[in-house]
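Handing you this structure, nothing more for now.
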Amino acid sequence: MSEQTVSEQTLTPEQVEAMIRRGPFHQWLGIKVLEIGEGEIVIKATWREEWVVNPDRQYTHGGILATLVDLTADWALVSKTGRGVPTIDMRVDYHRAAMPGDLTARGKLVKWGSQYSVAEANVFDKDGALVASGRGVYLTAQPKAK
Amino acid sequence: MSEQTVSEQTLTPEQVEAMIRRGPFHQWLGIKVLEIGEGEIVIKATWREEWVVNPDRQYTHGGILATLVDLTADWALVSKTGRGVPTIDMRVDYHRAAMPGDLTARGKLVKWGSQYSVAEANVFDKDGALVASGRGVYLTAQPKAK
Amino acid sequence: MSEQTVSEQTLTPEQVEAMIRRGPFHQWLGIKVLEIGEGEIVIKATWREEWVVNPDRQYTHGGILATLVDLTADWALVSKTGRGVPTIDMRVDYHRAAMPGDLTARGKLVKWGSQYSVAEANVFDKDGALVASGRGVYLTAQPKAK
Amino acid sequence: MSEQTVSEQTLTPEQVEAMIRRGPFHQWLGIKVLEIGEGEIVIKATWREEWVVNPDRQYTHGGILATLVDLTADWALVSKTGRGVPTIDMRVDYHRAAMPGDLTARGKLVKWGSQYSVAEANVFDKDGALVASGRGVYLTAQPKAK
């Protein structure tokens, strides 16, 4: 089944979750796909003690939040790409300390392009507060045929 | 001992490594401090299988590279801050796939400020190739006295 | 009248436009304020021939679009700041070539903070197509009393 | 003469300046090319009163500095591209207020790629102080033959 065929079908959250969880780091992050739409995705990451950066105050490392911005924005494109795509660059704004608990991230396409595309993501703590947000630019050119 | 006192002394790589490794996520990343200078740091992260994003091609997740940019740029400031400081925002450019192996990151102060400061970091693979680079802006205002 | 007093009042588009147009570069850009809200603004910039970067294809320079992202995001904060505030950093994504014609920009607060704040802006061409979008981080700490 | 041919030759500062100054906005900025190298450029922009954002303190608008980061990083690639290329995205850090006077900008290739490339630029005031610095990602894929 070609990528074009996949991307023209409607992918279910279960299908996308299975694709994402092929990646060992995504498994380690306990990624679940809650919702999937046209240029949109909602994922959840399962808190683990290793995420903590500050042992006194117990908040999560900014690198975990950056990872969630990148992967959520990337997979917000899956209805068009049918796969995860390479990140060209990424930017994250940190809004407040992320205390222990699962994190939810909402990703949304900003602009689709046949060569590169822009998507954004917001990351929320278990109480729904915005802890980080950002954007990535993704290489959406079709890989060259071999 | 006050932060001011610490930051006026010359910190050794061992002292900075001990500070960094208080963070559980930094332990998980196997961070070692190789060099420390005025507004400069070189760190090493120890590869682990969980870093992989693509099980077929085995390269490391961009979130790990983003984490290294953030933490290396942050701790490049330690000769002035005497501690890790909050990240305001961060940006990463991805240059090539990071294949399995330890990663080395060099961080350098770009501009010190009493309210916020900018630092940059380059991440290299085990063969010395640049895999990612970026910048962070850090809150370097002294925390308010309590 | 103190800044605090101004920011507690509801500013009109005319008042904000007068503040913005004190800046010679804003006058050169022909800035008009179309709407103002709580953490929101809509501005218009008046096209001029000097904006063109490519004399053959006639599209506007990316620096003009970056300027509009910066100033629109900055002034989206005016309902809270009562003034323009210093930009810490700024990022712009370019979505399509901006052909000759006035540009409209919508700015919106992302996260208010007492030390620094994040706002975003979208820039549209005369036909309403998104040509650029981005974000800035602004220094919203009160200036020190003299 | 094809683009490939141009880019294989060594371009002089005069040649590059003539290419840059074809753009009306570049003329308005009074751009001069001081030096050109492999993946490097130094340009100068000629101060004008319209650059000012703050009529009381007289400093230059951040949008002018952003423009210089973008154009300098872009043209740092000219030894490889033989032309100005489209900006995918751009980021600027502001380091200090730019007081009236000509500005000098140094651009440097960070990573060349056949699809997209990263370059950086530092902007200095007339006394040599760093006022802004940043990066752009540029579309360096060859345009499709028509």
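Descriptive notes on the structure:
To keep things simple, chains are lettered A, B, C and D as they appear, and every chain counts its residues starting from 1.
In this section, a residue touches a chain if its C-beta (ideal position, glycine included) is under 8 Å from a C-beta of that chain, and two chains touch if they have at least 3 such contacts.
Note that the structure is predicted; figures quoted are calculated from it, not measured.
Of all chains, the one whose CA centroid is most distant from that of subunit B is C. The pair with more inter-chain C-beta contacts, choosing from A-D and A-C, is A-C. Between subunit C and subunit D the centroid-to-centroid distance comes to 23 Å (mean Cα coordinates, whole Å).
Between subunit A and subunit D the centroid-to-centroid distance comes to 33 Å (mean Cα coordinates, whole Å). Centre-to-centre separation of subunit A and subunit C, using mean CA positions: 29 Å. In subunit C, the residues that reach two or more other chains under the touch definition are 88-89, 91, 93, 118, 137.
Subunit C makes touch with subunit A in their complex at residues 91, 93, 95, 110-111, 113, 118, 130, 133, 135, 137. Contact residues of subunit C toward subunit B in the complex are 88-89, 91, 115-116, 118, 137, 139, 141.
Those residues of subunit D that touch subunit C in the shared complex are 22-28, 49-55, 60-64, 66-68, 70-71, 84, 86-94.
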